[in-house]
Every structure is written in C-alpha cells, then in structure tokens.
Amino acid sequence: MKQPDQKVETIQVEELIHRVHSFHDDGYRLVQISCAQEGDAFEVTYSFDKNLSISHIRIPATPENPIPSISKIYLASFVYENEIADLFGIPFSGIAIDYKGTFFRTSVPHPFGTSQITVVKKKPEEQHE
Amino acid sequence: MSYLQKSPWIIHYDASSCNGCDIEVLACLTPLYDVERFGILNTGNPKHADIFVITGGVNEINKEVVKNIYDQMPHPKVVVAVGICACSGGVFKECYNISGGVATVIPVDIYVPGCAARPESIIDGIVQALSILEQKRNSMKTGVEGTA
Amino acid sequence: MSKKIIVPFGPQHPVLPEPIHLDLVLEDERVIEAIPSIGYVHRGLEKLVEKRDYKDYVFISERICGICSFIHGATYCQAVEQVMGVEIPRRAEFLRAIWSEYSRMHSHLLWLGCFADSMGYENLFMDCWKVREKILDVLERTTGGRVIQGVNRVGGVSRDMDKEELNRIKSEIPGLRADYVELTRIFDEDLTVQSRTKGIGMLPKDTAWELGAVGPTIRGSGHAVDARMTGYGAYDELDFKPVVRTEGDCHARCMVRTGELFTSLDLIENAIDRIPEGDIIVPVKGNPSGEYYAQTEQPRGEVIHYVKANGKKNLLRHRVRTPTLANVPALVQMLAGCELADVPVIVLTIDPCIGCMER
Amino acid sequence: MALNVLKNLIKGPATIRYPYQPAKVTPVTRGHLVINIENCIFCGLCRMHCPADAIEVNKQERTWQLNQFQCIICGNCVSYCPKDCLSIKQTYLPPSASATYVTITGPEPETKENP
Amino acid sequence: MNPFLAAAVFIILAPVVGILITGLDRILTARMQGRVGPPVLQPWYDIRKLIQKKQVAVWGAQSFFIFCYLIFIIFTGALFFAGGDILLVIFAFTLAHVFLVLGAYVSFSPYAHIGAERELIQLMAVEPMIIIAAIGLYQVNDSFLIGEMADHPGMPILLLPGVFLGFIYILTFKLRKSPFDLATSHHAHQELVKGSTTEFSGRTLAMVELAHIYELVVMLGFIWLFFGANLILCALAIVVIMFLEILVDNCTSRVRWQDAMISAWFVTLVAGAGNIFALSIM
Amino acid sequence: MLSNVRYMELLIFLILFPLLIAGLITLIHGENFRRGAVICGAVLVGIASLFALMGSVTSHPIFYSVPVGIIGILIFIGDIAISGYIIFVSTKARQYLVTAITIIQLILLCAVEYLALSDHATIPELFLDQLSGIMAAIIGIIGGLICVYALGYMREYHTEHPERPDKRPQFFGIMFLFLSAMFGVVFSNNLLWLFFFWEITTLCSYLLIRYPETDEAIKNAFRALLFNLVGGACIPIAFIVIFLSHGSDLIGLHELVVAGPGIALIPAGLIGIAGLAKSAQFPFSSWLVGAMVAPTPVSALLHSSTMVKAGVYIIARFAPVFEGQLIGILIALIGGVTFLAASAIAISQSNAKKVLAYSTIANLGLIVACCGVGTAEALWAAILLIIFHAIAKSLLFLSVGTVEHQIHSRDIEDMTGLVTKMPRITMIILIGIAGMFLAPFGMLISKWASLHAFVESVPPFGILLVIIIAYGSGITAFFWAKWMGKLIAVGEPQQKDESHIPKSEKNILYILSALTIGVCFGFPIISWYLIEPWLQNIYQSVTELISLSNIEIMFMMLFLVLIMPFSLARFSRSASRVPRYLCGIPESRSTEFIGSCGITREIELSNYYLDKIFGEERLSRISVGIGIFLIVLILNIIIVGGGL
C-alpha cells in the first residue's frame, strides 16, 4: 500500500532550539535525529511524533560549526547527537551526556563524514600468524 | 579418550555479529539440542572455559576484548568460529569497522559455516574441536606449549 | 573513604547475549551510577549501501540483526518501494505481516527465556526456548531459514505459502496459544518472579514519553505507542489493538510482551483469513531517487529506516534508527538506584538489541 | 511451575539426539550453494549480485570460484543466474579446520571449436 | 564403628556418593527442563578435566586458601562421620568456608569480591539454623556427640519438625541452588558471572568442586541425624529431600540477597528457634 | 611455694609498686628516664603478677587483713578526693549532670561510712584466689606490654599531631595508676576498698579519654564519666542495703557470695548494674565507642583488655549468687542482647577501632550472659572468654594502632592489600582476627563452651541465649571475615615497608601473637589447674567440662591451621599469572580499566556494610531501649525484693 509522501521542512540552525521547544511544549515525542551527506553538504533531520503522525525538520550542517544540542529539552537526544558527532564529525555543543568521541569507536574517524568510500576489500590472507 | 573431551566447557562471545549466530549458539543449550549431553557447559567465564565459541567478524574495539578473553583461558584451549562472519567477515567483510574474521585476531581451530550457522552445525563444530583439544593437551604434556 | 565498588559490567558477560558495557558504581549492592558504553557491535554496515546494488542490499539489511531480521528487511524494502513509488502486491504485504508476527513471537519467546535466565530461572528459560523452536520450525518450513529468512525483495517477497501451508499454520495456533497461556501464567504468578520484577526498574509514564522510549518499554508505562497502529502494509486491514500496561515496572514490560504473543497469534489468524490471492512480487525497474522514513513496529518497538537516493543504483544513505537506541536513555534512568541483582533484569526489560542498535 | 516441571519430567526430553539422530531439515532449507558448471557461461552476474562477495568468476580461465566460508547462502545469485545453473542444497556444509576453505570448480574445456 | 575407620571411609566414599548424587541431580534437572542431560559421571569428568588443565591465577595464594578450604571440609566431614562433637563440626565447617571466602577475596577481582561478600551473607543466613539444629538434636539426644545421635533409637524428627523444616530451608543455600544461589551458581547466566569462583581455574577449581561434593555429603549426614538409627527411612528421606531441592531449584528464580537472608532468618526464628524453645519448656 | 604472708606482700607490692612508678614518671620528666621506668615497671609488674598467678594455683583462697587500721580512713578520704575532683572538673565544664550524680554518690558514701564507723568490719581486706590470679596476670602482663608499646606509639602520636599538648609524663603516670587500681580491684575483699579502686579506674578512664583535648574527646570523656558514675552509684546503695540488713560482716566479697542468694541477691544485683555500666553493656555502651578517640594504647588497655574486664569480673564474682535467679537471667539477657546488637552494629562500621569497640562490647555481652546464667559450666566459659578476649583484643588494638601510624588511616577500606605492604603486621592482625571468631582459636572454644553451658541451664531462658548466640555467631563471622578479606585482597602489590615501625611495637606484637596462639594450646592447662579448682571451691562439685577427645580434636584443627601456611609457597609458584577477569576489558595487571566515555577507572572494591539492615543508629536505639527496659526490670525486682 502506498503511504502518503513525507514532508521535510528545512529551517535555519538559529531556529532550531525554538522549534524544538515548541514541539516539546506541544507534547511531541522525539523519534530520531539523523544525518546525511550529499556532496560536501550535510543535513541533520529531527523527527517528532504525536498521535501517529511524524513531523520532520531539517537543518544544514558543517563539520566546522557546532549545532546546539537539544538534550536540555529532550534528554534522549544525547544518543543521536553523540552518534552523529562520532560518525559524521559534526560537533554538537552542550550535550547533556557527552561521550566526547567514544560513543562509537571506529577504526577510521568519522567514517560517514569523509567523501571517499572507506569500504576496503580485505584479502583472506590477512590472518593471524 | 581423555577427560578433556568429556567435559568441554565453553565460553561464548559475540564479537560484532548480527545476533543470528548467537541465538543459535544459545539454542544449542536448550532442550531441543541440549549440548549438556556431551558434558558441555556454558560457563561464561574465560578462566573456566576450554572452548571459545565466537561469533561475528570482530570490530575495532572487540579486537582487544577477544584477545583478552583468549589470553585468560587456560591451556589447552580451542577457538570455534561460528558463522560466516566469524569465519571470514561474511557480508560485513568490507565494513570499515570489521577486521574480517576471527582469524585476524586470534588463531582459530574450527570454522563453522552458515548464516546463521545451524545448531547442528555448531554441535558438529564443537565435537570436532574436542579432538583438537586432545591434541593440544598431548603436545602440552610433551612440553610443547599450545599455540600463542 | 567512600564505600564504593566499581565494577565493569560487560562487554563479555554471561547474562548479556550481546556485548554492551556498563560502568557500575555500587554501594553495597545498590547501583549509584551506571554509565553505558556501546560500540561493540558497530560494524558500519550502513556504509555498504554505497557499494551494493540497492536490491542486493536487502540481504545486508536483514543482517542488521538476526532476531528481527525479517522486519528489518521488510522495512528497508518498504522504504525503497515508497521512494520508487512501487505498489507491491497485496498478498506480499499479507505475507510480510504473517512473517513479521512470527518474527515477533520468536523474538518475544527468546526474550522471555533470556529474561527468565537473567533472574536465574533456568527452567523457564528452557521452556520458553522450547516453545520458540516451534515458531522457528514454521519459519524454516516457509522461508528456508531459521533465523535469517531471506525472503524479502524490493517489490514483494520471494516465497509464497500455499493453501495447505496456511491451513497447517492455522491448525498449529491453538497449540501455541496453550503454550503461551502456560508461560504467561508463570511469568505473571510465580512468586519469585514477582519478587524480582514488581516495582523494579520503574519508568513512570511521563518519563517514558520524555525520554522517547518505544515498544514494550513505553507500552509498559501506559502509552499506546505502536507503529502498527499507523496501518502500514497489511496492518490497515487487520484487527489490531496494542497491549498496554500502566505499572511501568519490569513486570509490566514483561506482561506487555506476553500479551503481544497472543496479539500476534490473533493477527496471524486474521491475516490468514483475509489474505488475497495474487502475485507475490512485482518487477522493479530503474533506480530510486528521493528519500523516505519508513516506520514499522519491531518486537522491540518502532524502527525507522531512512533511505535517500539520487537515481543511482547505489543509495546515498541508509539510516536505521532502531528501538534499542531509543530505549537507552530510559535504561540509564531505570538503572540508577537499583540493586546489582536487578541490573541484568532491568537491562533485559528494554530487550536490548545491540546488533541493530549499532549496525 | 512445579506442574510444568513434573510434566517435563514425565514426558521425557524433547531433545533431538543429533548427531545420533538426523538433523531437522525442510525441503526449502538453505544449506549450501552448488553449481552445475556445465551450463555456466561465466557471465559474472552472480558475482555482481552477491552481497557477500563470495564468488569470483574468471571468463578467460573459465573458472567459477566460491569462498564457501564467505557465502551467506542467501540465494541471490541463484535468482540472477541466466542459465539457472546455481542451486541451493538442503544439507549444510560441515565445519572445517582450515581457515580459507575455498572451492574452485575447474573450467569445463570448450567442446565446440569456433570457426 | 571405630571413629578413625569411619573417618577414613568417609574420605574415600564421600566423593563417590557425592559425585553420583550430583550426577543424578544434573540429569534430573535436565529432565525437568525437557532435556537429556549429561552422563551420571559428568561431575567426575569435570573434576578430572580441571586437573588436567593448566593452572592460571591472579595470585598464587588463591590456590592456597582453596586448598585449606578443601582440607577443612574433609576434616569437617571426617569429624562428623567419626561421631565427634556436633558443635565442633559446625565450627570447623565455618572455618572451611571462611577459607573459601578468603580465596575469593585474594584476587581483588570485582566479581570474585562480590561473590565473596555474598558468600559471607549466605554464611550469616545459614549459620544460626545449623547451630539451632545442633541444639535441637542435643535436646533430643542429650548429647552433643554425633556418634550418640546416630544411635538414637527413635526418630528425632518427630520432636524436631520445625528444626527439620528450617534445616531444609537453608539446605538450599548450602547446595547452591535456586532461589538461594547468590554467591556462585551452577549455571553461567548470573549477574556475578561465576561469583566467588570466578578467578579460580584448573586444579583450584577442581578443589572447589570436590569440596562442594564433600560438603553435600556432610549436609546429607545432617539429615540422617534427624532420623536416628532408622537407616531405610533416612535413605528415603534423603531421596525425597534431594528431589524436592531439585524441584525447587527448577521452579524458582534467584531472589535478591536481602530476601534470601531475611527469609532464612525468619524461618530459622519461627520454625527452628520456636521448636527448640518449645522443647525446652516441655 | 611462698608462704601466705609473702603472698600478701606480693599483693601489696602489686598495688603499690605501679603507684610508685606512676608518681616517678609524673614527677621526673625526661624521655630516657621514662623509658627506663616504664620498661622496668612493666617487667617487674609482669613478673610479680605471674608469681601471684602461680600462687593462686591449687591453693585455697588466701585472705589477708591489712594490719594498719588507718587505711580504711585513708580510703574514705580518697573517695572524697576523687569525688571532689570530679565535681570540680564537671562544674568547670558545665557538666552538671555529672556533678549531680557525683554529689549523690558522695552523700551515699558518707552514709555508708557513717554506718561503717558504728559497725566496724572485721573482715580481711585483701585476698587471692585463682580468679584474682588470672585477672592479675592479665593486668600485669597485658597491661605491662601495652604500657611498653605506648612508649613508641606516643612518640609517633605527638609527631603526627603537633597541635595536641604533649603531656606524656602524666599519660604514663595515669597508665600506671590505672594498673595499680586494677590490681586493687581484683585483690580487694573488702567491698569498700573495691569501690575505691573502682572509682579510680573510672577517673583514669576519664583522664585518658580526654587526653587528645579535642572537643570530641572531652565530650566523650564526660560521657564515659557519666555512665560509669551512674553505674558506680549503685554500689554505695548496695553497701547501705548490706549494712542495714546484715551488718558489716557481709561487706567482704567472699563473705557476701558465700552467704547465698537469699541474702546477697539484692546487693549483687546492684553491684551487677555497676558492672554492666563498666563493661559497656546496653544501654550504657555508647561510652566505650566514644572512648575510641583516645590514643590506641588507651583503647587497648582500658577499653578492651582490662578496665571493662573489671565490670565482668565483678559480675563473675557474683555469678554463683545469680544462678537460677530472675535477676541473673535478666543480666544474662542484657548480655545476650548486647552481644547480638553490638555484633550487628559492627557490620556497618568501617572504622577499624569502632569495629573493635563494638566487638569488645559484644564479647563482654557474651561474658555477662555466661555470668548471669551463673552455672559452673557457664562461669568456666566466661573466664576462658575473659582470658582469650583480653589477649586477642589487645593484640588487635595494638596492631591496628601500628597500621594506623603507617597508613594514616584507621579505616578498614584503606587496608586493602596490606599484606603486601606490611606482611608481618598483617599476619599478626590475621592471627588476632582468627582468635576472635575462628575455630580452633580461643573465642570459639569459649563460644562452644557457652553453648554447652546455656543449653541446659535455666530453661527456657538458656535456650533463648543459645538462639541469640546462634544468630550472633553468623553475624560475627561476617564482619571479621570481610576484614580479613580486605587485608589479603591484593590489587596492585605495594612496596613492602615495615621499617618505620618502632622495634618495641613490633616486639610487643610478636609476644602478644605468641600468647594468642599459646593460650589455645595452653587452655586445657589453664582449665585444669586454675579454673576448675576455683569452680570446685565455689560449686563444690564440678562435672567434666571439656572432654579429652574434644581437646584432641581442637588440637588437630589448630595443628592443621598452623601447618597449612607452609604449603603457601608451593601454591604461589605453581600457577601462571593472568590478569583478573574484567568482562573482557583488557587490564594489563594494574587495577585500572577503560570504562565508559573513554575514562580510565580504577577498580574499587569496598566491603559490604549493609547499612539499611545493620545501621548503627537504628540498632543502637532499639537495643538501648531494650537495655533500659531490662535494667528497670532489675531495679523493680530489687526494690520489690528489698521491700519484702
């Protein structure tokens, strides 16, 4: 069955805290925060849910400018924010529980934040001894 | 047959698998497969274990953990890699965080294929491991320490 | 001098089927602080989407987790199908629902067993897993795999169930129901189980919502949050009522899961009665372009598969927000102030699925 | 619970005495992958679509190679093979002590001479 | 029987009896769980296997304490079956356990440490009842000597139903069975990994296992005292009690230590102490 | 063997000689002189007390009247002086309750003296029997050792705490004064004398507790004073009762006891209450815990091995009177409750000295319980307990003091892995602890004896006490064993360093450990030659107390325990070392691991304190309540009995 199309609203970073506050005050639940990279641009998407309907807001992001953490409003956001920080290298400021890069400890730093594909072909010869 | 073969105690560790193989390892303990028939106990403690049953392709932080568990097991000991992930890395072989098979970290004695490995396969694997265990004990007795 | 005990709990720990680590700070046996640390199962498989054909990637998405493997595959397909605007056959949606519910039962039984084991109730563990084998038999018989089914395809499913099989499944349901009644009775009424679960790991209604808990974790705290209520796939046509308990303790979460075993049986019966004839797969041509957040209900709660594509055969991004990740904040909340003996019990009541949590 | 326990005791164990008894299999069980090399045209489609990268096909040397310890027995290759020469058998591969267990199915020499 | 002979017989035969009982216990447990279970001699295989393993330890002193534990458990048992003073038997028993606890402490390993603490909590929970049982038996036999208790022509249990009940209750602690397997468990899946035995391996662990087996026989010896010279009834009682213990093991989850300790004390007080108090008034 | 007169000279020597030393030390300052005087004094006192002990062997009690009549007056003046001093200090410190009680006591005493003047007693003032001999040996030997130990200890104490006034001359003076008073207590037959010496011990205790001159110390010193005075005030009342009802002939200890329960019960009950206060039974126990602020030798001397023994000594003296009497049973119950509650509270303590304090209270409770029951067997157990406890407890106190100076903490948690840092001292502490609760060491023998004793006596109360011991022994095992565990649990081995410990301290500790083990081997001899004859005298017939076979078994056990350590070397070599199990987290032989958030954490393994169940405050409140209830009950019986 075809589901209805989803609308994602893009906003500016400055509006983020305000918008999240109003979601919180309206009794929304934080569903997730995700990040994606297209070319050199990153986008961070926040999803909220109430009464079985999901709303998404999206902000542009760069590895240079920290995004304000929303963990003061939704504590649960700390898992997503740490995750994005570790996998994409996008910094967040003021995470309530900040793992400082140890949430996902990866063999390459920020594997999703680099444009080259880090998938490497491994030979079966690479064995112990 | 030595007593080692009659009383193999295992420790199971999930070194970044998808769980499929783990639950099959667990299933081996349950009534339908009941490996305790062979004296096999799941000890959960490396210092008591003879057989290291390991699933998954060993990710970055698990390398140390796997080595640590292996080192804490007293000789003689064998490693059984359960599932394709543990054998070679499987579907995740090319993932950035996977080292690609348990053998890249510690020596493996038996490879159990399957995705997920079936309980019968796992039993077969452990039974095969027993004879290796016995060999290792013999070489230990004659003064040659087990590998690693 | 503080009278503290600092103990690492995990990653390798016999009560944990999967690696996760907690730094436990105890006083006597009371937990003062429990800080989790994860990443022991992080493989980075989402990155593979840039390498594999989006259709072949179904097999990888199934291996996000070996327990709710089927639902992962189905949700991924659903997301891609939505992006591509593919309408899959109704029969395929019904089949997906049936297998989903079987996965759910197998997962819940597995959980009930591990949960019993975490309290040192070995016999109950064995009983739960014994019943679970019956579910696995059905799955293997119909899909060819015990835990990894591998029947999802973009555009439908690869295997059908014939009339005879459907009837056979239906005829087995009363037997399963009797088993479930027996298990439920023990979990509900056994005194030692009650002493280990009632009033333990409290998650009040408000807190559960604030922390964004999902699945049985939040349903045990009185919120009817269940993605199946959105009516995705075949669920719009099936009679479905979420199981909700209000106590918010470990026992409530356990009872939600036992309750859902029955719901799943009802759903399967329902689906078998209403399943339409027809194709099970439609050919899918071309490459996807666009994005979609697919939301389904796994045994552990709502899962989100996000796909973003730009017209190539490799997707741009696949992102899975799994229920366990959403439940971690609630877990941290529940652990503070419990007893050491309760730690495994509480950790298990969110039914942690580290595999899918870390991908 | 006590009743349940006693019932178990009286009913006797549910255990399948594998290996003394045969393992459970169903007609659709995915055990391992086999090839009927006669029909293979070395098109490489199976290699392309294998999610585990378990297959190597060499058209020149006419080899089809499967790393059995990397194959996840998903059956994807089977569905892509244009000549239907791949199939999945119900028996699973036995465990083995060698690390790089690789099956190479040797080339079938050309029987027809090109003009 | 000559006390020295009896002690020697105990030292030699107890492992045989203990291993058979433990083996049957494991089979019965498996059957109750719908499984086949291991061979009867499995505990024997386990011990022999452990002896063949290479020894590893955090500190060598661990093995020393465990050796003491084993020696004193054997000493306790020998004293018991030689017909010694029951209170001395109990104190020697406590001494042995303190060695086990110290062995667990030595390694400074988190799980062994918590196991040791719990082992002590168990000791604290169990000790009152054992002493009260000894006193009750004294009241019936008018002697603290086990030798004389064993020759009691009647059945002490008739006068000591409460004490017997209490003793059975704490027997669960002693046999390390659910719901009171706090400190270490036969099963892997518990919050303390292997609790007090976590850091032991090889021969040391074998000594622990062997000591447990001796201990089992001593505990069964205590049950025997409740039936006096009536050997057949006593054997029957032991079978029934072991069966019940295994049944309870399989029908309960592990309780928290608070519940375990307080309930044990409560049962001791109500059933055990109440019983001997009533006897002293009579 | 010496003649009777010689013995009496010995007794007087034992009382007066320490007094002389005390005077010298107080007056002549100078480290070296003090050193010499203390050592000489201790050695002489020790030897003399041994003579006294030997003299008491096999012979009947020896009585001796001091030929100088004036001494009675002097003692009365002494009493007044003590009271005057106490009134002086207490008003100065605004401790008016203390003042009030002292005044009451003084008035009572004057009344007694008035009665005594009109009815002059003709009883022998001093006497020596086996119990006195044993007590004297404990006081002389252990007390002497503690004084010598204090030499080194106090020097370190003052280097550690430069802010506290250095009053060592007075300190040692009071210590010897105290010894003198203790000898006086155990040798006095005249109860008026006994009371005088009794009051001196109270005063010494007060002075020594406030030695550090901190606010807490002063507060606790007054608490000790108050409680001991409240108890002490019962003694003059007992005298009045004696004088009024039976005349001065019964003012002698021996005479009173022989007079039998019908006559002696009420005075015995009153004096028993004084004994309860002195031996820190509930509800009086808090003074002893507070006294732990004093320097450790004080704790060892006063509050574990000797002064509190004065309390149980006097109760033991009256034990035959208590046998089978309601008052005796109530006293025994107080002892039982104290044993249980104090042991339980000890679980929740991590301060080593507090643990020792509570365990002292508990053991005294057990002794009191035995005495209250009062049968020959119970008394036998009580005296063994007194002996074993005095030795093992002083050993523990002193070794904890030594450790305290080395690690600058008296917290048990800080003693983790002490075995690598101070292996010898640790061994000594282990011996001390084993002596406190493990078979086959001393306390356990006595526990065995008391169980044997209680089970038959005064049904059903005997059984009540048995039940209390049953619970108490599990509890005792818990807190001792966890302490032992702490000492031997080795995280990261520390540098071995025992060189800073003064030689004198070490030697004293060795001697005491040897004594601890020695009395275990020697207890049958003590029993045969000292205790049994004494009991024979009192109870006429004494059945076999401990069978030979049981002694053999205990020796076997002891032997096993002592040879076991020789196998240690073998075991420490045989195993290959691996790091401890940390759930797979690599540890690399240190006690650190990398935990969540990438933070390196140190493993910390504290013991359990089970505060929720065994919290100090809660349990104290309950047991003080029970204690007060029982005391009031005793007083009621006395009043009713006196009125009838």
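Note that the chains are named A, B, C, D, E and F in the order they appear, and that numbering of residues resets to 1 at the start of each chain.
Simple rule for what comes next: contacts are C-beta pairs under 8 Å (C-beta built on N, C-alpha and C of every residue); 3 or more make two chains touch, one makes a residue touch a chain.
Just so we're clear, the structure is a prediction, and the values are computed from it rather than from any experiment.
J.: Starting from the defined contact criterion, work out which chains touch subunit A and subunit D both, please.
T.: Chains in contact with subunit A as well as subunit D: B, C.
J.: Just tell me the minimum hop count from subunit E to subunit F, counting one hop per pair of touching chains.
T.: The least step count works out to 1.
J.: When all chain pairs are ranked by how many C-beta pairs they have in contact, which pair ranks first?
T.: Top of the contact-pair ranking: E-F.
J.: For subunit A, which other chain has the most distant CA centre?
T.: The chain lying farthest from subunit A is F.
J.: Just grab the chain with the largest centre-to-centre distance to subunit B, centres being mean Cα coordinates.
T.: Result for the farthest chain: F.
J.: So the centre of each chain is just the mean of its C-alpha atoms; given that, what is the distance between subunit A and subunit E in Å?
T.: Chain centres of subunit A and subunit E, defined by C-alpha means, are spaced 56 Å apart.
J.: Just the number, please: Cα centre separation of subunit D and subunit F in whole Å.
T.: 81
J.: State, to the nearest whole Å, the distance from the C-alpha centre of subunit B to the C-alpha centre of subunit F.
T.: Distance between chain centres, rounded to whole Å: 60 Å.
J.: Can you give the whole-Å distance between the Cα centres of subunit C and subunit D?
T.: Chain centres of subunit C and subunit D, defined by C-alpha means, are spaced 28 Å apart.
J.: Going by the touch rule set out above, which residues of subunit C reach two or more other chains?
T.: Subunit C, residues with two or more chain partners: 5-8, 11-15, 19, 29, 35, 37, 39, 42, 44, 47-48, 51, 59-60, 63, 123-127, 130, 145, 148, 190.
J.: Could you check subunit B for residues that touch two or more other chains and list them?
T.: Residue numbers touching two or more other chains: 13, 30-32, 34, 37, 42-47, 59-61, 65, 69, 72, 74, 88-91, 93-97, 101, 103, 108, 115, 118.
J.: Would you pick out the residues of subunit D that each touch at least 2 other chains?
T.: 1, 5, 8, 13-15, 17, 24, 51-53, 67, 72, 74, 99
J.: Along subunit C, where are the residues that touch subunit B in the complex?
T.: 11-15, 17-19, 39-45, 47-48, 51, 59-60, 63-67, 69, 110, 113-114, 125-126, 129-130, 133, 145-148, 353-355
J.: Quick check: in the complex, which residue numbers of subunit D touch subunit B?
T.: So the residues of subunit D touching subunit B come out as 13-19, 23-24, 32, 51-53, 67-74, 92-99, 101.
J.: Taking the complex as given, what residues does subunit A use to touch subunit B?
T.: It comes out as residues 105-108, 111, 118-122, 124, 126-129.
J.: Given the complex with subunit A, which residues does subunit C contribute to the contact?
T.: 35, 37-39, 42, 44, 46-48, 50-51, 82, 85, 87, 90, 93, 209-212, 225, 229-230, 232-234, 236, 291-293, 295, 302, 304, 306, 308, 310, 316-317, 319, 321, 325-326, 328-330, 332, 358
J.: Subunit D touches which residues of subunit C in the complex?
T.: Contacts found on subunit C: 52-53, 55-57, 59-60, 63, 123-124, 127, 130, 137, 140-145, 148, 150, 158-159, 182, 186, 190.
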